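Below are two complexes that have chain A in common, paired first with chain B and then with chain C.
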Partner chain A sequence: MSVAPARPIRIGGRVRAAWKAQSRQERLVYQLLLPVFGTVFALATIPFVLAVIRAVTSDSRGFVGLENFAQALGNPLLYESIKQTAIYAAIALPIEILGGLGIALLVHRTVRSNVVRAAIYIAAMIPIVIPQIAVGVVFRLVYLPDYGILNVLLGQTGPSQPLWLSSPPLAMIATASVDVWQWTPFVYLVMFAGLQTVPSESVEAAQVDGATSWTQFRHIELPYLRPLLLLVLFFRIADVIRVFDHVYILTGGGPGTTTEFLSLYIYRIGFQFSDLPQASALAVIVMVAMTVFYTVVSRFLPADRG
Partner chain B sequence: MRLHRSLAVLVPIAILASACSSTPSAGTATKLTIAAVQGGEDAGLKALAPMYKQQQGVTLEIVEAPYDALYSKLVTAFQAKDATYDLIMMDDPWMPKFGTDGSLSDLGPLGITADPDIAQVVWDVGTWPPPRGPVPPKEKAKPKQLLGVTIVGNVEMFMYRSDLTPTAPASYEDVLTNAKAQNKAGSVAGYIIRGKATNPVVADFLPILWSQGGDVFDENWNVVLDNDASKAAIKFLVEDLKAVAQTDPGSTDASDRDKIMANGQGYQSSVWPGEIGTAVLDPTVTKVAGKVGFIPIPKGKSGKGVGMMGNWLLGIPKASKNQQAAADFIKWMLQADTQKTYAQNNGIPSRTSILKDAELGKTNVYFPVLAEALQAPPNWRPRTDQWNAVEKIIGTHLNKALTGGETADQAATGAAAEIRTLMKAAGY
Partner chain C sequence: MRTRGRRLTKVATSLLLAVIAFVFAFPLFYLIATSLKTKADLFAPVPSLFPPAPTFEPYASVLVTRGFGGLLLNSVIVGLSATILAICVAFAICYPITRLPASPRLRAFVLNWALSLRFLPPVAVVIPYFAVIQAIGLYNQLPALILVYTIFNLPLAIWMLRGFLDEIPLEIEEAALVDGASRWYAFRTILLPLSRTAILAVVIIVFAFDWAEFLFAFILTATPQAMTFPVGVQGLVTQFEIIWNDMAAGGVIAILVPLSLMLIARRHVMTGLTFGVIREK
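Let's look at the complex of A and B:
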């Protein structure tokens, strides 16, 4: 029995052949996408891979498997920070989404002047473009006792004034209110843009048939806004998990650990407890959880409106 | 043909490689990059940069970051052996971390030696392992090296309204007595507590703890934060002083303390030199200019008053490619004439002769007190790479106690237990 000599695998040759098999247009598409993929690879993939490597190694013992993950998940303070983050999200997100949607509907239905619409658009952009640290500093001046603007406006500057930054429930409300102020306009802008895509013929037909405002919203506008609402929800949840700057400035995580949200907790583990492997494990866990969440949310995003 | 092709490839690679690997010879750099903390602490440094360019022909590029961001940046830069920074500003509690990790160059061989006109404690705080006090177990065998030189001679002091009580408080008993006498609920705080969570409240508390005879660790790294003296000190802060403090000590940071003092709504507090300009000296922003006295930290039950160092040091990362040029800048900065210019531009000098300079003392009334505080000597925060974590634990519990979430006793025992667990895991 004769055995044919093994042929060397020529991967480069195969890639070249596959590349040549593409049409000129397809090749152009890949060439145009290459810088984008390269940038994403450099800015997102490489750091993530490095975080994974850090999460499964120890400075002194090298590869330690899932030990850092076990340590991260075994710390009760992690669950405390998740709970605080959930409370923060439960306060901020409904107000932002319903508030942003409400303002968008109001402007869409009542404001006809393009100049006024442009003015509202610019006003809505302002909170979004202000750095979070600056927002934190400004709101600290709002919430501080004695000379803080809020207590002065409320006429509450005496010994029994509300302590917005050091009473646990009030500190949670104060930090969440900053989020609401900064990000409700973002929801408004997205929803307002979505409302512009609703065909006016459908709305007019419904109005001729005597549809109420609610019916018009429920059966005509909402189907167009649904994918945007899910996208907004995803982005806002991702942002809430990353919330850091204004909370750090306002309360430093206090009183006690009342406002020590997930991102502050990871910072605490990484840079105050100098445990970067455990912090990397936490970052990977959050990344995986967000990916699962996004996958689930994506199932509710229709490919098209048809 | 093949040779030409090979040369065409190899020659540019060789040129590129030689360019990448070339190390500038000692002291010949034309630019030094300094990582600095954003705020008043680097004001003097920024003022010196044009002068250094003019005198030595070296450009100083000062890259600023807020306190916490600077620490994170330095930790990650050192881990990556990044050569971006030729010099770094570091708060003295960071030194043990960087010293333990071996991230900084020994300044001795680069020609920087102790100068008798600068207080010994300034050299000691930049030395690793520490020349006195407990040394981390894993660091005991290391030779002592000078890893940092103080450029901001911060020592926590005490300020009080000398127009209301001309006699300075000699002890914390006097502090409390005066606070009770001056306190007017809702309008004037008898004592201003800097009680915001973590670093701020710990910085405010440690001089009280030490002066009252308590401590965080003993000489063998045993946790003593829950012994009687330490518990009494915590109680003194969160009960006695809180009863005569501003409305919301739990959210007060240094800038808030400055505003309270500047508005005439506070009677006394501890204070860092960097705060003094805005809080009490600049008549354009304060109502109490000329009405405030400065003293070293008052005596406590231990019979002594112990200030706390918060020195900012300059160090040279091992990865820097301009080691000698960076060391030359430090030497230049420590010269008496440079220090004088530095002080005239809001820098906080460490030279005793500059701190006692009569002319400078007219505009910086706290300089002689600072010189006295440096000679005392003040304490430094425990020299362990675990300090940030320890500070976080103590700061969280103290803040909780100040905001009514825990009693003084619970704060002491809770913090002590967590610190014991932490230190045991770290091999102490």
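Let's look at the complex of A and C:
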């Protein structure tokens, strides 16, 4: 019971020294992180604050409260653009996801040669890395009347040829098809990579048990793919909200406002009607909505944020 | 029976893959074909699939006659500056959260913030930036684009870089630190050389993204003095509608740069695009 009392003190000293070293390192974290991160955080956040200020003020009357928000939300064209965006997504996303998944399964099951797989991998990357503006140019040459290659191949060059970019239902299909062309390969690459993570032992065991191709997919591969499908879905939804470049080149939002998707609508309010207060209100609404969307979905994303 | 069935499936799937490949490749083929046509070829009653007299004239016309060479130069200046800035900032942010005992909450906050930026539509962001940039006199100036590009490609740079840095064992630097080296020395002589591949991959992919950007440049510039190449290509489409060969040549040039870069960094493209979820071995 009479053990030297010096011991605990020495431990205390050592703990304190370790704590000091630890906290010096932790201080270094903040010393290094704060200036740079603080600056970019501010640069990325200040515009949001300014958008809010711009949205609640008017040049002539000062503070106007929520007037601009009321105006923005009272514009029937806003809901029209949301509807068009939803239709665009409803056409493009299922085809991209099911198509990409289908091709991934097809290649995974039937193509054994590593050379062919690598070739498909490279080929699938090409549409993804093409700038959206160039994609717009590519598809102008496909869908234009008279010179467009689609009508030429269809043998339709007369006065009654389908006007892919300037008649209402066709313009929607044309713009959505471009999305499908560019992003199905992306879904393919993600799904194909996902299929490679399925342990071959479980697949072989299932095959020995006589599992059909469908049950093998449903019960063995799908559980591995589910988080990736969610990831793809979230990224694609975020991308559909930003769709601008190729549509601007192909239809400019027309005919009428039939392909005026959300981003094009906000652009038109802000820069063609030069109604920056209303556009700022819209920008605030969209930024808040996307931040909420991100906060809700991010916990389901497989990305490791730890 | 069984082998015949299998062979039939094999033929059918090969055929299906060939059809899919054709659908995806054909529009690009027609773009290249059009970019090699002479002006006279454009007015043939039925457009030809193969240029009857291939010429590089449209490329000269776009780059020299229309002066798009200058836009190309702007794109390169903006892309290189924004990429170098982004990689430096990304390093300054990733170093403390990967190499030092940063609290997990701080680390998660930084990474989450970066990823959430990825979800903001550019059109919503550009509206307030437009006002600020006009107010501080940077409208139609390259520095405005460099600033905006740096910030909005940071998520990509941060996520890619932290993925790479996480893979370099801490022990390597610690060994040097125990031997009395300063952190800066250990960073310069150990971590930096070890992350050479990482830096190259991030630089290539961020540059390709900067190169392809359209909306910010479209709104924040007005004259060829600051316009980037994609803005010029858009002008070709809307103003000179009939001159398809020039338009196609502009498209091909716009594609070539990111395409060749991505082929070099092909192992890292998907990692970047999926924020590290997909990893190539």
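Just a few scattered comments:
As a working rule, the second predicted complex is superposed on the first by the 239 of 306 C-alpha atoms of A that agree within 3 Å, B and C clash if a C-alpha of one lies under 4 Å from a C-alpha of the other, contacts with A are read in each partner's own complex, and residues count from 1 in each chain.
The rule we apply is simple: a contact is a pair of C-beta atoms (placed from the backbone, for glycine too) under 8 Å apart; a residue touches a chain by one contact, two chains touch by 3 or more.
The structure presented is a predicted model; accordingly, all values stated were derived computationally and were not measured.
By the touch criterion defined above, A:147 lies against chain B and chain C together after alignment on the C-alpha atoms of chain A.
Legend: residue contacts after superposition of the two complexes on their common chain; A:103 is shown touching chain C, with no touch to chain B. Of the two partner chains placed around the shared chain by superposition, chain B is the only one that A:158 touches, whereas chain C remains out of contact.
In the overlay built on the shared chain, the residue A:166 is in contact with chain B alone; chain C does not reach it. By the document's definition of touching, neither partner reaches A:63: not chain B, not chain C.
Of the two partner chains placed by the overlay, only chain C lies in contact with A:123; chain B stays clear of it.
In the superposition on chain A, A:214 contacts neither chain B nor chain C.
Using the contact criterion defined above for the overlaid structures, shared-chain residue A:273 touches chain B, although it does not reach chain C. Judged by the touch definition given at the top, the superposed model places A:251 against chain B, while chain C stays out of reach.
The wider contact with chain A, measured as residues touched, comes from C rather than the other of chain B and chain C. Comparing which residues of chain A touch chain B with which touch chain C, the overlap comprises 133, 144, 147, 157, 248, 252, 267, 270-271, 276.
Taken together, the chain C residues at the contact with chain A in this complex read 9-10, 13, 16-17, 20-21, 23-28, 30-31, 34, 42, 46-47, 49, 89, 92-93, 95-97, 100-104, 106-108, 110-113, 115-125, 127-132, 147, 151-152, 154, 159, 183, 208, 211-212, 214-215, 219, 230, 233-234, 236-238, 244, 247-248, 250-252, 254-255, 258-259, 261-263, 266, 269-270, 273-280. Chain contact summary for the complex, chain B toward chain A: residues 66, 68, 71-72, 75, 79, 97, 185-186, 196-198, 200, 246-251, 253, 256, 259-260, 263, 265, 385-386, 388-389, 391-392, 396-397, 399-400, 402-403, 405-406, 422. The touching residues of chain A, counted against chain C in their complex, run 22, 25-26, 28-30, 32-33, 36-37, 40-41, 43-44, 46-48, 50-51, 54, 103, 106-107, 110-111, 120-123, 125-134, 136-142, 144, 147, 149, 152, 157, 181, 185-186, 189-190, 193-194, 228, 231, 235, 238, 241-242, 244-245, 248-249, 252, 262-263, 266-267, 270-271, 276, 279-280, 282-284, 286-287, 290-291, 293-295, 298, 301-306.
Every residue of chain A that touches chain B in the complex is listed here, in rising order: 133, 144-147, 157-159, 161, 163-168, 248, 251-257, 267-268, 270-274, 276.
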